[in-house]
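So, here come the structures, one by one.
Below are two complexes that have subunit A in common, paired first with subunit B and then with subunit C.
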Partner chain A sequence: MSSELDSGSQLGVLYYCPCSGCMRTTDAPVKASKQKREFAELAEECRAPLDISTQEQLAVLRTWPIEKLYYCDDCSEVRCPHCVIEEPAGYHCPNCTFDVPTASVRSEKNSCARNCFHCPVCTHVLVVVVVESTQGDGGQSCSVLSCAVCMWDSREIGWEFETSTGISAQIERMRTGGPAVKEYASLLDYWRTVQRTASATAAGNHGLTSSASFKHRLTSAGLHGSTTSVDSLPPYKAACYVDSGAELTEDFKALEDANMIPFNGDPRTKEPQRVRLHMKLSRRCRMCHHILIKPESKAHNSRFKIQLLAANFLPTITFPNTLPAPKARGSLLEHLNTTPLRVGSTAPVVLRFTNPLYTEMDVSVDVGELDAAQTDVLAPRFTLPPFAELWEYDEDEDDSSLASPSASSSGRGSGKRGIIHQHGNQIAIQLDVTPRAQTQKLTIPLCITCTHLDDMAEMDTSDTSTPRRIVNTFWAYVSLGMVN
Partner chain B sequence: MTDTYSPSRSSSFLSSRLSVLGTPLSTARRSTTSVGSSLYGAGSGEEKIVLDIGTHTVRAGFSGDSQPLYQGALFGSYSKRGQMGLLEGATTGIDVTSVDDATLDVLVLEQLRQVFSEHLLADARARKVAVCEGALLPVRVKRAVARVLLGNLRVPLVTFYPSAVTALMTSGKACGLVVDCGHRGAAVVPVFDGRVMSACIASSPMGGAVLAGYIQGLVRRHGRFRRFGSDSDECVDGVLTLPIVEFIMRKLLFAAPQTLEDVARAEDEWPWVRLAVDTPNGRGELRVPQWLRCRTYELLLEGDSGRDYAGIISALMECIIRVPVDLRRVLVARVAVVGGVADMPGFSKQLIYELNMRLQREERWLALAKCVSLAEEPTAGAVFRPSDRPWIGASLAVAAKIGGVDVRRDDFDGYNVPDWTSSY
Partner chain C sequence: MGRLHLAPQALVCKNTILEGDIRIGNGTVVHIDASIIAKNGPIIIGSNNIISDRVRIINNHATPLVIGDNNQIETDAVIEGRGIGHKNVVQVRGKVVGTSTLGNNCVVGVMCETEPAENVPDNTILFGNPQSRRTRSDNNAEYLEVHNKHLQYVHEMLPRYNAIIGAE
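Our next item is the complex of A and B:
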């Protein structure tokens, strides 16, 4: 079969989403139609919305491979990860795959409440083991956390637990608030008192609302008419004291071997960190609030209840390396897309379009204006056959469609000029690219319009005589690599 | 609100303060419950999300917590994308001033989406957000943050808090001089009565970025690299990658006065620090002189006259001169040193010492020199990390229901963020 080039090479196709970030604060879809009109105008004039050569950074952020795009079948439009609304759809621990109810996510500080910890030395996941206790009288068994990779043990920091379940709760009991927590609590008490006093004084003196006078205090906007009240609270006294010279020990100053310090992470904690929870997201269309992606809420199930991807509605464009030969012909079409690009010389570029729908799709390809190269699309309009299961394809069909009266008998027959190959629901077309200037990455904008009949409309409307025609226009940026 | 109290009202307020705090036993109980407001499931949805978006790191967490849940590099997820990889992945240090508005919007959007969905695990539409902004945060960035939060993520309310004020709140003070030593530079911000005195802000370009450059230059000149198994030293140039420089900067540096003898000794008598590094050609050992660890901070404080960079001490002097005469003593007695660079062990102590020396040089400042001290010492010491202080202060302010500057979704039109530069 044909082989596709791997994603690490320079050839690739990115799709553009015209959503411009969706920063509107109102819910009213007033500007959607205006945006559509602008987009349609650009498409007519064949001017690409993004000039890749000058707006490279933005291009990276607004163009996507087709696997990352969604499609709203209600609005019949493409949606990108920036313009969908994300909602939580379940929480689970990635280590023990236990579902966590929403209420306990916050109370457990977004970490797993069971025995899931990361080793402080090698960050592998720790296992609870029952060993003999070193404290008290020997012979008593206790549970410790141990790492199977680097042999670290929680006995090295003195953590030994009575039971092997509920380790996090036991740890919380052991360390009920270090100095930071206590200091925070006492500061909070102090500031609450200040705020209460300030609001009481203000209410008494000026009759202002409670937080108004203090609210002014934290703005940087100038002075106000009211005199600032002199609060007569005594100065704050801290609850805890940690020596600021504690870190600067003699050992640290005379350190000779820096390999002891962990490269990442906080050097101060040699304690195991709890495993953080993961959140499953479901995604909605911003305009119509239709759900586009809905995962199964169970943690171990990675399927989706609803999955509306762009790859299921728009044709996928790829660069084939070889194309299989039709049965009747002998030769295999190979070494496609390997001609190096040089200024002035025309190179053939083969693009393959794949139709994901069960209906036929009419595709028209137009090239956007580009100074760096001149592109001729040899087959600007063609029809993609519908997708069907593999065994339904008849090999002879391909030959017969290609072997039209004007076709030659050579291995490279083309019933229609520009169409190199046709197999099932895929068509490979040829573009002739003539670069005009040297560049590191030549990118060609293509405006692609796909039209298909909507067979689902019959269920909604009573009038089944005219099914809806759905037209999708989008820009694809085809990257061709270096030009010498 | 000042810290001194008039004697006539002292008794009544003292007693009222004690009644607020209660007896020692109830104090202890109170502290666990205020800590446990998040542990025991009493998070009734009143907690706001607190964000601190700096020039190099993002800190995020919930109000009422004593430390941020997440801290990571700003725009750290901005890397090679797509099949083409149109942009070679620069993961950190994207200069915000060099990108245009649309790109900045998208960068901030991706960063905040990642924070919400991977680290905070929160639904943005359900929670209000408090943002702690640095004094010299560009208005474009503030606008982009407001646009992303209110427009794209549909947060109901965003409140801005000045980071200088919140940093002082962690020491229990409402006046003071805040030295924010960040990545892009250092800003000296005077705060009085809970308000930033914006006309007196002074800044210096000496920040984490410049420090990284100095370390690179010094290690290149004075460091030695030897590959494992070979006998001779090699050139250090190819070995010094960004992660290694960051490691030296964050983990090995400290600030302590060292005598000149160390540097003046012959090179083979220097004490060294060894570090195993990976290079494309194999592993080896990098040796860095010990004096480099403890002397590099001086460059930040004193400045670089060759490149015309004013040091942090000069910025402090400039700020003190600008501040009204009657406030100088009050402010200088409460100096808070915050920011990523200030995490260096011993940095704040040395900064105070150097400021003291600088003031004592001139006759007119002699009296002021005696008053210089840190805001948090000697009562609290180093309970919180200097780089976390603005975030912790914002979390305190939200939990104590102290207001900031609100921006509601209905009032925001995409441009009108409160801007102190234009409202004076």
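Our next item is the complex of A and C:
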């Protein structure tokens, strides 16, 4: 239940990432070690790196719910979305979910090359529909693009297609079939012929330059005779346009009055736009370039090949509402975390830590300095059991010291003071919070240090004696809501 | 009390709420859970309409509420105005409110409403959120073919699974 810190929710836990967010990778090793040192100093002095009560805007940039954080197991460090490098892992059309090969992305200008278009009126995606044709003799069927929401039709701009597939290709052909393009093509042909005859005669005048041109001259001389020259070629005949010089000058004079020119705007805004392609991104650690997230490149497959999330390496901190009671009682511990906070009175706050690893994790919780409230962590050091199948867990050891802060745990059962509940790989601990001042949002910084033994065997080293210890220290900002 | 005139080919489910003076034309289908409540004035429904489930057709005015032919009124729509014409589509949760009327060939889009007191002209399409409107440029020629197929299908299948008024 680690909810995002927005104005609506009361309780939440945010994790702080100490990166600077804009580190160049060449400076990375130097800056990283410096940051680590500074961070360690802060942790020792229990000074929170970010005063979240006064720097809320900055908090958005630096603190994250644990769902948004990654973890580099090479560097053994948390990575936030600012300190990862994103790169595309695949391109697809969001409408037809067609996987576009990387080579075609550039040539199709990052748009879908098939039948996917946006309606120019309401921007919904258009559907290809077979209708009766309005041109030619009625009764012929043709395909048009139509919008199901606003009932727009591509017949309104005169687009009718012969087949219902490959609409993009038909549009390209329509665009290139205009008279201007045809004229240009025939002009090009004509001048190429002129150039060929000109170079042939020129080569003939200057003597042989190569055997290829010699052969060409021989064959052309054989076909056309030696009288071919540039002057004897017929003049160019316009393929599409009619030469009407006199009329043109009249039109030109009329256009001098610029106000008369009708402005219809960009015709492309009335035309359907192609659907833009979407990317799937993979993420790498900015320091060591280890891949943290690698999705399947196929569009329809939403799994991940590699998925290194912070929640899989760091304990998740949540606010439980109810906890199953110890077996002896057979009831629920209810209404946890519902005590309203008032200045001067001590309220119990229950936090639950969940261990995602397959090894034991030693956790120590220290409170950062805070003027707004005094917090007592009743269980500052505890060990989280590893994650295993439910039936492997031993009997629960429960210790309820929740009744009131004054009636401490000394009365009941075994178990450490401050640990409310223990089940499987989760431990719920109690903090006693005494606010000192009224505030809209009381946020407590906690410095959490997790230590576990690395159970992955090192491949390159032959040192099998002691597995290495991995220590992760991070700050978590726990929001408790309003204080009256 | 109210009188219900059902044309011989009309198909009205038993699990509907029908109150007041109601006349339903040939071929019209009224699905389950629809309410046709003629509170103050009568409701006259034409032929070959498809009135889907949970539709509320309520006449609070003294004048008759007239629904034309070949209309399709989709799920959870509300018709409270003075009437609609022919070949209209009122889409899911669309509303004709107040004293408004719809012309012919109109489409009231999903969750769209008419103004409280307007006569929506023919061929108008209400769509989008925020709502806007435009005029359709085709003549709605392809509508009848699909509509008749829909009608045919419903006439075949609905009596197999629902109790129908008038069926013995």
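Simple rule for what comes next: the second predicted complex is superposed on the first by the 342 of 484 C-alpha atoms of A that agree within 3 Å, B and C clash if a C-alpha of one lies under 4 Å from a C-alpha of the other, contacts with A are read in each partner's own complex, and residues count from 1 in each chain.
Here is the rule we use: a residue touches a chain if its C-beta (ideal position, glycine included) is under 8 Å from a C-beta of that chain, and two chains touch if they have at least 3 such contacts.
Given the structure is predicted, the values throughout are model-derived calculations rather than measurements.
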| item | value |
| --- | --- |
| Touching partner for A:Cys288 - first (subunit B), second (subunit C), both, neither | neither |
| First, second, both or neither for A:Thr193, with subunit B first and subunit C second | first |
| First (subunit B), second (subunit C), both or neither touched by A:Val471 | neither |
| Which of subunit B and subunit C A:Val181 touches, first, second, both or neither | first |
| Partner chain in contact with A:Glu156 - subunit B first, subunit C second, else both or neither | second |
| Which of subunit B and subunit C A:Ile306 touches, first, second, both or neither | neither |
| Subunit B or subunit C, by number of subunit A residues touched | B |
| Residue ranges of subunit B in contact with subunit A within the complex | 1-6, 9-10, 13-14, 17, 20-21, 30-32, 34-35, 38-41, 43, 47, 62, 65-67, 69, 81-84, 86-87, 99-100, 102-103, 105-107, 109-110, 113, 117-123, 125, 147-148, 150-152, 154, 161-162, 165, 169-174, 193-196, 198, 243, 247, 251-252, 254, 256, 271-276, 288, 290, 294, 345-346, 348-349, 376-377, 379-384, 392, 396-397, 399-405, 409-410, 412-414, 418, 420, 423-424 |
| Touching residues (chain side subunit A, partner subunit C) in the complex | 121-122, 131-132, 149-153, 155-156 |
| Residue ranges of subunit C in contact with subunit A within the complex | 107, 109, 125, 127-128, 132, 134, 136-138, 141-142 |
| Residues on subunit A engaged by subunit B in the complex (per definition of touch) | 7, 10-14, 20-25, 52, 56-65, 82, 85-88, 91, 103-107, 109-110, 172, 176-177, 179-195, 198, 211, 214-222, 228-248, 252-259, 261, 263, 267, 276-279, 281, 441, 443, 477, 479 |
